[in-house]
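One structure, pasted below without further comment.
Here the chain labels run A, B, C and D in written order, and each chain numbers its own residues starting at 1.
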Amino acid sequence: MTAEYPTALGAASRETITLLGHDLARDVMGEVSFGELAFWLATQRRPTPGETRVFEAVLAALADHGFTPTAIITRLTYLSAPDSVQGALAAGLLGGGSRFLGVTEDCGRFLHEVLVEHRPLPTDDAGWDAVALETVQRQREAGKFVPGLGHHVHKDGDPRTPRLMTIATEEGLYGPHLALFAAIGRVHPQVLGRTLPLNGAGVCGAALADLGLPLELLRAFALLARTAGLIGQLAEELRHPVANEVFLSVDLNNRPTDPDPLDPPDL
Amino acid sequence: MTAEYPTALGAASRETITLLGHDLARDVMGEVSFGELAFWLATQRRPTPGETRVFEAVLAALADHGFTPTAIITRLTYLSAPDSVQGALAAGLLGGGSRFLGVTEDCGRFLHEVLVEHRPLPTDDAGWDAVALETVQRQREAGKFVPGLGHHVHKDGDPRTPRLMTIATEEGLYGPHLALFAAIGRVHPQVLGRTLPLNGAGVCGAALADLGLPLELLRAFALLARTAGLIGQLAEELRHPVANEVFLSVDLNNRPTDPDPLDPPDL
Amino acid sequence: MTAEYPTALGAASRETITLLGHDLARDVMGEVSFGELAFWLATQRRPTPGETRVFEAVLAALADHGFTPTAIITRLTYLSAPDSVQGALAAGLLGGGSRFLGVTEDCGRFLHEVLVEHRPLPTDDAGWDAVALETVQRQREAGKFVPGLGHHVHKDGDPRTPRLMTIATEEGLYGPHLALFAAIGRVHPQVLGRTLPLNGAGVCGAALADLGLPLELLRAFALLARTAGLIGQLAEELRHPVANEVFLSVDLNNRPTDPDPLDPPDL
Amino acid sequence: MTAEYPTALGAASRETITLLGHDLARDVMGEVSFGELAFWLATQRRPTPGETRVFEAVLAALADHGFTPTAIITRLTYLSAPDSVQGALAAGLLGGGSRFLGVTEDCGRFLHEVLVEHRPLPTDDAGWDAVALETVQRQREAGKFVPGLGHHVHKDGDPRTPRLMTIATEEGLYGPHLALFAAIGRVHPQVLGRTLPLNGAGVCGAALADLGLPLELLRAFALLARTAGLIGQLAEELRHPVANEVFLSVDLNNRPTDPDPLDPPDL
């Protein structure tokens, strides 16, 4: 017996192409925005206009942050292998891991785990503050950071954070993940003895989780946003290149050293 | 003297984040759709609503085609390395090369080269037909295909093609690349002796070129669309997995053969 | 002040090229085998012939296992994007993650952690058995597997395991990681109530750790071995292709289903 | 009927594992060097010791060239995504394209095409010089470079070139590709009016082609060599990191500019 592979995504017959059960040409092309479609593909349900607006606000927040490692990687890969645009984009995305893009996923998952443990959920700010206080204390006692708290540049506040909270509120999509994240912002100085900003990557994770997107793929949405940013980086590199200068700034400033033999660890 | 690296993309100070010279939080988040932003990043000019609609129609047309190699690759990579969502997406994009996603870029570039050689451009269908006829004849004499012509499934017509032409016309963005492509659709039977469909990947390349997007990066937009599709594939794999069954269908049906030593070519 | 970037690896002047402080053309090319060089590059110390033999035995053990996901991924990527050999190899390596290639690293690290906790190390088999027994019990109590224990095919024993232990013994490189791994093989039935094989990926991790290679990069050596295997897969695909048939076996057996809307998790 | 997938590479039964028809544990591990195995996997024939020595000399020549784009890319990817060693290696390999690693493949293929056109091949230096002269003249007239000719650093000669020719001669493997390449080195000044070095990447391509390795995969061997080099880069990065400083040297020296809107090309 031959295996069958079920899918609700793209399908084609001689006459028609369907996507998610809809006629692609007639009902999707020209009718569904790209952000809406990305949400729909990930959840197999069509988002409301409000959900699309919050989702696209997140994508905008994460699309490009200038000369991040991912941007430099994509530009250098294109310098070195201009025959493969797909390679340049893929290389940049591979930089989207735990350190530079992972906060979005880490924060969304972290908040979710806390919420699961605190059902029924609070119904007012005092209740949220209590949960947040316990959460920050527990992380501190375990010697762990709270994902989404702190930023090396925006020390007085990341402008994306209040903005995304406002947008979510406007669309009636300010849910428990955002509520807990906001409470963490209010109470953490009591525990940590200093005030840290709630960063943009973190608030994006909270908002994506409130949208009901799959927690295992929160990083994937950051990568989708970044794909658009990396295309921007490539387009700028084509007209205003910097990659060769970056390469030479490293290569010409190499300092040859003696080998440093690795001793096996003492046992 | 230290090098400086110019960029008009993302920039950040302690208080603000800008993107393309605009305040990210205030003017982009919640105000700019993701498709619009992707266009803007690639061209550094904000598209009109009509340009955004055509652009997003292209992205919708290319986002997912079911179990393509790219989809299978992403699912198998996730099966094998679930620790790295970025790796699964990057691997799938690496399948976006000359054969399965390249038609969009090949077609846009091809049409553009023909247009450059035929300035001033025709102003009526008869003029376009003459250019198209010469073009198809020249390709045939060179033993080459016309990019964008033919489809292994949609033999009687790819439904995306007339739809995208309609959308471009509605938005006043039916330009010379689409006009030439349409003319190729009309005249090629005279040369080839049979009628082939204008395929969806090709019409997308023509539409992207008419939008003035950089020809070197047409493939990149197909990859952006596909990133959304691959996230859909991953999301479906999480809930309705097929990758392990695909893997086993190959592995369990391996047939061990004797080595076939490679002889160096005769010289 | 301009940054300087120290390195003991490759360096070039107008007349000479050095690698690890040696004249590349005169002292490395034709004098150093590839396995030896790979070890040297990773540790900045030249391995002994015995170390090289054990290292190359590990690489041989991990190079190719037939139609693994990584092999299928590389073949499908090449089918889809034959313009980019680097993309096909990179995509295959991206499948080298926690599930299919990760055991080597997991096992080496796990054994090392146990050893660090049990200094001074045992000096006879009875001593090793005691450490192993405690280790297996602790894992079982924590509901965790012992990395390197068990194999879905080689249920009666993985032939690579005794062979690599023999080679290491012959070269005087049977160290504490291998000793602990062997002891786990002896004692685990007392705890688990059944006999599982010590698998090849695990013994490779133990051997690499005994060679003093960096624990953070044990997976990297598996990937190096696999790169050679993936080139073999590509070379076979060029002459005896299967990728298109694999692709069609999935695509033609797709079964369109209704979308399955993702409900946000209950909170 | 279920498809079958033939392969002569890895296969496993409950008791044994074979690779290329040999018992992996007994006949390959500990018996076959890694370079020998890589050659064998790619050609399905076991190389002679002489072939292995030439092959491994090529791999040594291409393994690492210091702070190339590929090395920088791998280090930056690891900085940004330390959770995925496979991603860092894959990203570096994606830089192995037409510009920085492609010369090996381009040169091997180019020489081969010339040889195919000039059968029967010359039997003495005068004959090779005549072929080389015609070849260089034809490239010049076509406005094209000769692959493998010229080097931006080793202007007076790349030390790898004579060394690899010596090794190939010692092993009786100095074949027509190397002979033609050497002749190009002798005669090109007559045509170009200046003396350029035969570079190391080019001579490696010639030597690999003389070994009868598949021309479509010459780049793959450069990538195999580079994988070992990139592991060396990662190992050094772990102990003597530079990636964060490279990143900051770009990011901190960004110069925000006004957007430069892309005008569609004139038609």
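The rule we apply is simple: a residue touches a chain if its C-beta (ideal position, glycine included) is under 8 Å from a C-beta of that chain, and two chains touch if they have at least 3 such contacts.
Note that the structure is a prediction, hence the values are computed from the model and not measured.
Q: Between chain A and chain D, two copies of one chain sequence, what rotation angle (nearest 5 degrees) aligns their Cα atoms?
A: 180
Q: Please tell me whether B-C or C-D has the greater number of C-beta pairs in contact.
A: So, comparing the two chain pairs, more contacts are at C-D.
Q: Based on CA centres, what chain would you say lies at the far end from chain D?
A: The chain lying farthest from chain D is A.
Q: Would you kindly tell me how far, in whole Å, the mean C-alpha position of chain C lies from that of chain B?
A: That gives a centre separation of 37 Å.
Q: How many Å are there between the centre of chain A and the centre of chain C, using C-alpha atoms for each centre?
A: 30
Q: Between chain C and chain D, what's the gap in Å when you average each chain's C-alpha atoms?
A: 24
Q: Would you give the residues of chain B that are in contact with at least 2 other chains, written as numbers and ranges?
A: As it turns out, chain B has residues touching two or more other chains at 2-3, 5-8, 11, 42-44, 66-67, 81, 83-84, 86-87, 90-91, 94-97, 101, 214, 235, 240, 242, 246, 249-250, 254, 257, 260, 262.
Q: Answer with line, ring, star, complete or other to describe the graph linking chains that touch.
A: Topology of the interface graph: complete, with all chain pairs in contact.
Q: Which positions of chain A touch chain D when the two form their complex?
A: Residue positions touching the partner: 2, 66-70, 72-73, 76-77, 79-84, 87-88, 90-91, 94-102, 235, 239-240, 242-243, 246-247, 249-251, 254, 257, 260, 262.
Q: Can you check the complex and tell me which residues of chain B touch chain A?
A: For chain B paired with chain A, touching residues are 3, 5-17, 19, 23-26, 28-30, 32-35, 37-38, 41-44, 53, 55-57, 59-61, 63-67, 71, 84-87, 89-91, 93-97, 101, 153-156, 158-160, 162-164, 166-167, 170, 200, 214, 216-217, 219-221, 223-225, 227-229, 231-236, 238, 240, 242, 245-246, 249.
Q: Any idea which chain C residues touch chain A in the complex?
A: Contacts found on chain C: 2-8, 11, 18, 20-21, 42-45, 81, 83-84, 86-87, 90, 94, 112, 115-116, 119, 121, 176, 211-214, 249-250, 253-265, 267.
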